[in-house]
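Take a look at the structures listed below.
In what follows, chain A forms one complex with chain B and a second complex with chain C.
Then we have the complex of A and B:
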């Protein structure tokens, strides 16, 4: 029952979360991801949820917590692939994921990630 | 009418699958299917988190003008909710959630009805009508 897949592209990890993942698997996914960030010295994580069935308050919380944990470890996180149905539902519910930057697709996310990593390396550029 | 017992994490997934199958079978739009499944996910999780165990009953409805609807009833015999008004306040949580489970489910559906007795359990009924 493989509900996630992890890819490494340079210093960026790409985690894809699949359709019908249960709450326990979401938590073990989070632990696995943090370990991988540590082991691979990744600077950024792209969370691809384009194949996620729904976003409920539990999933929103785990994703938001995960992004915060990755930030504590010195990395940046981008959420990619929120489909129109999920976006509508999130607004209906009043859900927000404030910790996380979002991108429309993987290509845009990787482009954005380059900037975020550069910014983390030379924070004075932002000043 | 079908019934799903809820006593594990995997049962929340099962409740979502049953909701998806029923809603798509009745011809709800993809957006409404997503709303329904999300509300079902929240309420099924509440049973597992607070009620420990319970069940979901799904039923097709038809109103007097022939409009088709889908009703879900979530019932548990857990500790119940002490303050219903507080539980329905967005952002309030007695557990580890975001406090948007009940209010979120209410906003996603057309009808929402919550009844709870301390020490006896909780019943939540939600309905979505076909547009």
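Then we have the complex of A and C:
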């Protein structure tokens, strides 16, 4: 738990995951995040993994599962800060997180989130 | 003491004689400062051959001298034969060399020196070729910042797995450094696109997407389009354009920018 930090910015939650994180703490992190989404009625979650050192298949699955769970709770998720080496490894290993949106940095993610929240609020605009 | 003086004179005489021979060979055609370096190396060679020599191998001094010579020779476009001949130019003097070592052993050492010079020549050539290949790779894959948020990567030549890997890493790092949102991959200069190359492009697109940017592929010529369709290559989900100009326009549109004609305004 000490390796993650959760910030609230308006109706967006920003979760930063750092260093090496084991399978157990990933799950507790996921639970904590979902609880916070419910408590704060956040409409969007930005997962910042720019300080994450290792990405394995389990981590990739947890991330895409989390995104799906948040979608069920009425929020949108953006993954930000995948570093080049992790991106290459993921592509080589065939780790697929296609359903999760990605952004280059936090700034771009928050910009993107504005649009996503608006879209979720007024789905007919898109239709 | 007396013997020492005699020895020294002997070396100088031999050296003078050797010098005449050397000046008439390719080594004599080098520039004056290079020639004087060769001369001093030759003198060093005589002194080393006359001194204490190891019973086995070449010792420390001789390889150093011959390495220097090979370097100078390679720089002056000497052939390996000429470099080896330099080593063998000492052979006529071996008998007269008032050395502590037998002539047979000296001959053996000289043979080894010749082979050593050749060996050095070829490893050095290999290194040069390797460095040039690296330079070529750098030159053939420049990453250009076209506009704030747009990077262009023109690919030229043939793609193989090693090269693609390097290009991919370079591109991903450049995206992070420049904070680019759109990347135009121009393959006008790629000769053929087979399933392997298409796979590389797909991988690059996936990695770029993970980082949070978008890849546009441009420069797909009719020939490439034809081969790709015939080979059944799929570029599912990747935006493609025929010419780079269209790609640039699309990239700007993605950043909600456009190019306007000042006259029409």
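Rule of thumb we're sticking to: the second predicted complex is superposed on the first by the 126 of 127 C-alpha atoms of A that agree within 3 Å, B and C clash if a C-alpha of one lies under 4 Å from a C-alpha of the other, contacts with A are read in each partner's own complex, and residues count from 1 in each chain.
Keep this in mind: a contact is a pair of C-beta atoms (placed from the backbone, for glycine too) under 8 Å apart; a residue touches a chain by one contact, two chains touch by 3 or more.
What you see is a predicted model; the values in this text were computed from it and never measured.
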{"item": "Partner chain(s) touched by A:13 [first = chain B, second = chain C, both, neither]", "value": "neither"}
{"item": "Chain B versus chain C as contact partner of A:113, first or second or both or neither", "value": "neither"}
{"item": "Touched partner set for A:70, first chain B, second chain C, both or neither", "value": "neither"}
{"item": "Chain B versus chain C as contact partner of A:33, first or second or both or neither", "value": "neither"}
{"item": "First, second, both or neither for A:82, with chain B first and chain C second", "value": "second"}
{"item": "Which superposed partner A:61 touches (first chain B, second chain C, both, neither)", "value": "first"}
{"item": "Partner chain(s) touched by A:97 [first = chain B, second = chain C, both, neither]", "value": "second"}
{"item": "Contacts on chain A seen with chain B and repeated with chain C across the two complexes", "value": "84-86, 88, 92"}
{"item": "Complex contact set, residues of chain C against chain A", "value": "165, 168-169, 172-173, 175-176, 179-181, 203, 206-213"}
{"item": "Chain B to chain A touching residues, read off their complex", "value": "9-10, 12-13, 16-17, 20, 30-31, 33-35, 37-38, 41-42, 45, 90, 96-101, 103-104, 107-108"}
{"item": "Contact set on chain A toward chain C in their complex", "value": "79-88, 90-92, 97, 102-105, 108-109"}
{"item": "Residues of chain A that touch chain B when the two form their complex", "value": "20-24, 53-58, 60-61, 84-86, 88-89, 92-95"}
